[in-house]
Amino acid sequence: MTGSRPVLTMTGISKAFPGVRALHDVDFRLFPGEVHALMGENGAGKSTLIKVLTGVHHIDEGTVTLAGDQTAFTSPMQAAAAGVSTVYQEVNLCTNLSVAENVFIGREPRRFGAVRWGEVRRRARELLARLDLDIDVSAPLGSYSLAVQQMIAIARSIDVRARVLILDEPTSSLDAGEVAQLFRIMRQLRDEGIAILFVTHFLDQAYGIADRITVLRNGTLVGEYRTEELPQLSLVEKMIGKELDVLARLDRQPRRPVAARSSGTPLVETSDLGRKGAVAPFSLRIHPGEVVGLAGLLGSGRTEVARLLFGADRADDGHVTIDGSRTPLRTPVQAIGRGIGFCSENRRAEGIVPELTVRENMILAMQAARGWARPVPRRRQDELVERYVNALGIRPAGPDVPVRNLSGGNQQKVLLARWLITEPRLLILDEPTRGIDIGAKAEIQKLVVELSDGGTAVLFISAELEEVLRLSHRVAVMRDRTMVAQLDNDDTLDAERVMRTIADGTGRR
Amino acid sequence: MSTATHRLRRLTSHRLFWPALVLVLMIVANTIHRPGFLAVEVNDGRLYGTPIDILRLSAPLILVALGMTLVIATGGIDLSVGSVCAVSGAVVCLHIGRSPDQNSLSTVLTALALALGAALVLGMWNGVLVAVVGIQPIIATLILMVAGRGLAQLITEGQIITINSGPYRAIGLGHLLTLPLAIFIALAAALVVAALTRRTALGLIVESVGGNAEASRLAGIRSRRVIFLVYVVSAACAALAGFMITANVSSADGNAAGLWIELDAILAVAIGGTSLAGGRFFLGGTVLGALIIQTLTTTVYAMNISPQTSLLFKAVVVIAVCLIQSPGFRARFHHRRRRAAPGPAAPHRKKEQVPA
Amino acid sequence: MSGSSLATARAWRPTLPRRHLPVLVTLALLLVMYGIGVSQYRAFSNVQVVLNVFIDNGFLLVVAVGMTFVILTGGIDLSVGSVVAMTAMVSAALLQDGLPAALVLVIALLIGPALGFLMGCAIHFFDIQPFIVTLAGMFFARGMCTFISDASIPITDGFWTAMSQKRIGDPAGNFVSISVLIAFAVVLAAAYLLAYTRFGRTVYAVGGNSHSALLMGLPVGRTRIAVYTVSGLCSAIGGILLSFYTLSGAPLIAVGMELDVIAAVVIGGAVLTGGSGYVFGTVLGVLVLGVIQTLITFDGSLNSWWTRIVIGGLLFAFILLQRLIGIRFK
Amino acid sequence: GNSDTGGDPGGDETMTLGFSQVGAESGWRTANTTSIKEAAAEAGIELKFDDAQQKQENQIKAIRNFIQQKVDVIAFSPVVESGWDTVLKEAKDAGIPVILTDRAVDSADKSLYKTFLGSDFVKEGRLAGEWLVQNTASATGPVNIVELQGTTGSAPANDRKKGFAEAIAANPNLKIVASQSGDFTRAGGKQVMEQFLKANPDIDVLFAHNDDMGLGALEAITAAGRTPGKDILIITIDAVRDGMQALADGRFNFIAECSPLLGPQLMELAKKVHAGEEVPARIETQETTFTQQQAKEALPNRRY
């Protein structure tokens, strides 16, 4: 591998957006038969590097050489034709088409120009089976959860006989099982000589699969390293540019005692709340200041629970009690009125309003709660926005940038800020740390602890079991759209026991 | 000098610069064709001249386009405005025409109130269809576009109702401070809408709903209510426009009043920079767009462009306005210019090589 | 380990009827409407009444098929009515000048797509909103009509007359015109194109999410330009059919037709934001408008304004039911 | 409506007439419709009325449906003059006689319809022009005329323009200095006239293709500080009530009538045609012209 020549070389790449210099003089090399991790904080320029490579954006300066030929793709179509297969950050598929079609569109098997639908479906099923995914391939993509969609995007990219495979944060919503499955396939492809560029915020994943790591910071290249020669701690330092033992601090985070929290009247209590076809009736209590984690596999119904609690979907069974009195929760407005906030996992479809600015996106929920006649005074807006931009490290810091121009991770932070500004009594966080860099992740985790110390209840959903265990007082386990157990997070609870619960549906030790 | 170029660049990058430039160009072309085009004289204590005509005649279009802007900002469209103009105009004229004293102010006010009420009902009808029943806006409002004109004719019984009411005429032809009252009405409406949307949070809420309805719902915005509201506002604006149109000729023509005004209004909104996909809206741009359209019409008359070719002329101007405004078009020119200029030398600085 | 849980919920649920549900509801309502007509007016049950709906709406159908492509990508084409008129005008004018029919056909069928292509380019390359571009196209084409002639031009050409007056029918005297056959051919071709070719599937993808489609490496620009060209072509064919139908070119014909066409497509279940809809739905949409029209003529007691109000009312009732039943079954 | 009343040929005595109207685009048209409806009721003829909303397509559809309903006679006011052969042939094959009203069709085959009842737009334009030629015979200098055309491409607009132009060719002093479409509406007439007045300082005559545009132009002329009827002669066509009023008040100078009251004549014709009697191929409506004096006399008993 070391002896061969790079299949892809990018030299002196610069790219500026109005007001932002996303990349400045960046070099990057990719060898055949390697997995190369591209790492950096949110907004470091990882996605931009990928987008200029594949022709989504024009390159301002610099050259790209693919397999010895200098190239300048002007559209992703050209890049794909030249053997560069890409999964972009955020799922970029068409929700109106069927799963099978999403996998094959643009290169469907045809006979006399006519698409052979049977063949498309058969091959899609096979391909998804490789990823251990057994779903109805003729159903529209939109009927599946984001995680499933991410798997399908991956399936699409690996089906091509590509020279270069680019995966921009493919694992952000996958759980450990899927990640392992994905890695198996990546290794297989690597061994076939394919060069893989892999972006992730998970250090373990980088160390688990990457041969080399390139680090970007603030649009500039920090360096390219062999994985085994780069200790985790110094990787983090290179990414964030200062010496900070985030990792060490994260690991030391103690699990907190349970008993103190779960007494007294619960803030929210559900009795047999359920919705046909979505989630079986469940009863859950959340006390003020309590962090309840929701664990479960893909599509196990975690998001559905969250949506019911927020009134985003209407429950057709059971009822909710807030502060001891029965409360209808049929619309988000009602939920917000009772002090509930919900940060959706699907930030693009259900979170940000792309045309609006960072400022407007942040104050949106607060403004909605105040009603249209009472606009949030400009001074207060500035104050709030500045506070959360700093607290969450949102970049670029300008509050009047359209949120569409922010990097994925920064958009997520804006959403989080939207809800923190409303000072909710119960904050539902569905995958809040997805796509967020390691520094910011630590900040968010710290924030959850602080919120809970300040008396705010949190319902915390994450595909990372570790994270759930680290933060929660109690863990509710979902399986097949049923809440099968609620486990106190005491000394006896560990990841393995949660997994076992998920597997057999009981909480027995 | 560099501050001057900087200022120029700031100016040219302003959203309204290019539409405004087009407007100026059209006026210049007219003035060259007929030097008296810009002449304004005082006649009877009133200003009289083509520019005044343009302002006065664009007033109804501005009104309709204001409402349309809000509707479009939510991602909708309102095809029924023309019919609403006709209905409101018909109701007013019918009431005034039937009353014994057409010049009494109270008669006119009652008539206006009645007609406005009728328009609001029509607006609510649209609002309910779109926001509550969930019919696609273009079809929901098409229903009223077709039926509304029938309604207007039903009210006028297919005739042109001619009235002779001084106070009512004033809406279309009255003067205030030497300028036509219609201009002030349109201006006032623009200011009210601007204040309502920009001084309160309504504008933000509308833009948010148009930008991402589901995200807005989950942020606690009552999207439906907002959508309902914009259709009502649009109908109210259309009613005002209907008053002006009918007052201008002192007669209600159920068939012709406001015919095709919806297309002009949508065009004005689009020229003003508001995307038809919803989201951000620009009231100033809309007003400018309406002025451009009226100037265009007046130009056709003033230059005596033959009726046979006037539509071709319109097509050319509309495309020119949009091209000059389109970032894509300008970027292409930029590119060409930039490529022509010698690019900065490639960076020679070598980065420290990291072990491969 | 995850596969097992994923497999459960939806896997066996039949998805086909759900996707086609709007179309089925529309079809059912259309039949109900027809049934009402039959029960109210005796002559309504004649087969020829149904055939007439096709004869009278053949050109509308063809144009609506073109519009379906555009709407599926999330665009809109306001120029169709004018392009139809322009094509008819050009044909009539050229025939009057004595050009052979075949040549006239070729020229007439080139103008529409050429204009569509230009509009598509303006929309794609310069990123101007389709509404404006096609509105300008509408002005242009209508302007061309009056420019060519401000009075209507009769067509006396033998081929045109034959196409116009040929009746294909059964011994009982029921017949359709050749236009109907052409319209059906266009419908079938379009349905095939949309369902079975890469181009057609890309149309759906672009309408679903054009940004995603671009990132998926699909030829978004080419597709977008192509749909406006297709719409231009369909308008041109529609224009030819209309000139068969009326044996003339008139400058003011098909005014406001774009709205009928858009209405037909949307009633047929297409969503204006793009990505969902079927050609078959469009056929139903056209039939709905046609049957409404027929009902009103058969009634024959409405005066002019009541005609409009009743058209609006029937449209409303239809769409409301379509919507409510659709929700109910979902 | 609910019952099927059309379509029993030879059954009971009532005769059915299918009538397809252009639309309801003007007061003139509405008066025309009313006249026909009233006359049908009076004559005991069952009327199937259809409004085509200014679309030829709709009229063809309507005629097809009339054929299906087996009405006894079909009458219609064609939206445009060409393009009727196919459907008229179908009517002929079905044995239903057709009467044209208001506007002719240009079919080469005259057997496709029985008769054409209506006014002659070219003649109206010519009458207007002739009056002008007479009344400006004494003028020595050039006489500047502005023309407000009807909807571009519509038959009345084309024909009235043509007739007028033919007539004024008699006097070389008469010159049309500007001609623009006012879409047959008051608002259009007014807006165009405003610009005419600014672009042409010395307008002597206004010729408007209908009363409504002339009425709109009146306002523009007054606003410009000129006196309609004196400073600027105004000639229009139609003679609807508001126009006649303006004429009687001395604000218009001449109107060539275009009468919408075809109903009684049409019913009479329909009966004859149904009975198989021969009728002349062209019947003109009884029409006249009005000067200011005649208008004053006629005004009290105008019906529309």
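Order of writing sets the labels: A, B, C and D. Residues in every chain begin at 1.
The definition used in the following text is that contacts are C-beta pairs under 8 Å (C-beta built on N, C-alpha and C of every residue); 3 or more make two chains touch, one makes a residue touch a chain.
Nothing here was measured: the structure is a model prediction, and the numbers come from that model.
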Compare the CA centroid of chain D with every other chain's and tell me the farthest one. A
Whole-Å distance, chain B centre to chain C centre, using C-alpha means? 30
Roughly how many whole angstrom separate the Cα centroids of chain C and chain D? 34
Chain centre separation in whole Å, for chain B relative to chain A (CA means): 43
Starting from the mean Cα coordinates of chain A and chain D, work out the distance between those two points in Å. 71
By residue number and range, which residues of chain A touch two or more other chains? none
Spell out, as numbers or ranges, the residues of chain D touching 2 or more other chains. 23-24, 30, 33, 152
Show the residues in chain B shared as contacts by 2 or more other chains, in ascending order. 153, 158, 307-308, 310
Please give all chain pairs that are in touch with each other. A-B, A-C, B-C, B-D, C-D
Of all residues in chain C, those that touch chain A in their complex: 1-13, 15, 19, 192, 195-198, 201-202, 204-205, 207-209, 211-219, 221, 275-276
Listed in rising order, the residues of chain B that touch chain C in the complex are 79, 129, 133-136, 138-140, 142-154, 158, 254, 263, 266-267, 270-271, 275-276, 307-316, 318-319, 322-323, 326-329, 332
Chain C-touching residues of chain D, taken from the complex the two chains share: 1-4, 6-7, 18, 21, 23-24, 30, 33, 37, 47-51, 53-58, 60-62, 64-66, 68-70, 80-86, 89, 106, 108, 151-155, 157-158
Inside the complex, what are the residues of chain B that reach chain A? 199-202, 204-205, 207-208, 211-212, 214-222, 279-280, 344, 346-347, 349, 351-352, 354-356
Parts of chain A lying in touch with chain C, wherever the complex brings them together: 56, 75-77, 79-81, 86, 88, 92-97, 101, 105-106, 108, 110, 113-115, 132-136, 138-140, 143, 148, 156, 175, 177-178, 181, 277, 297-300, 479-481, 503
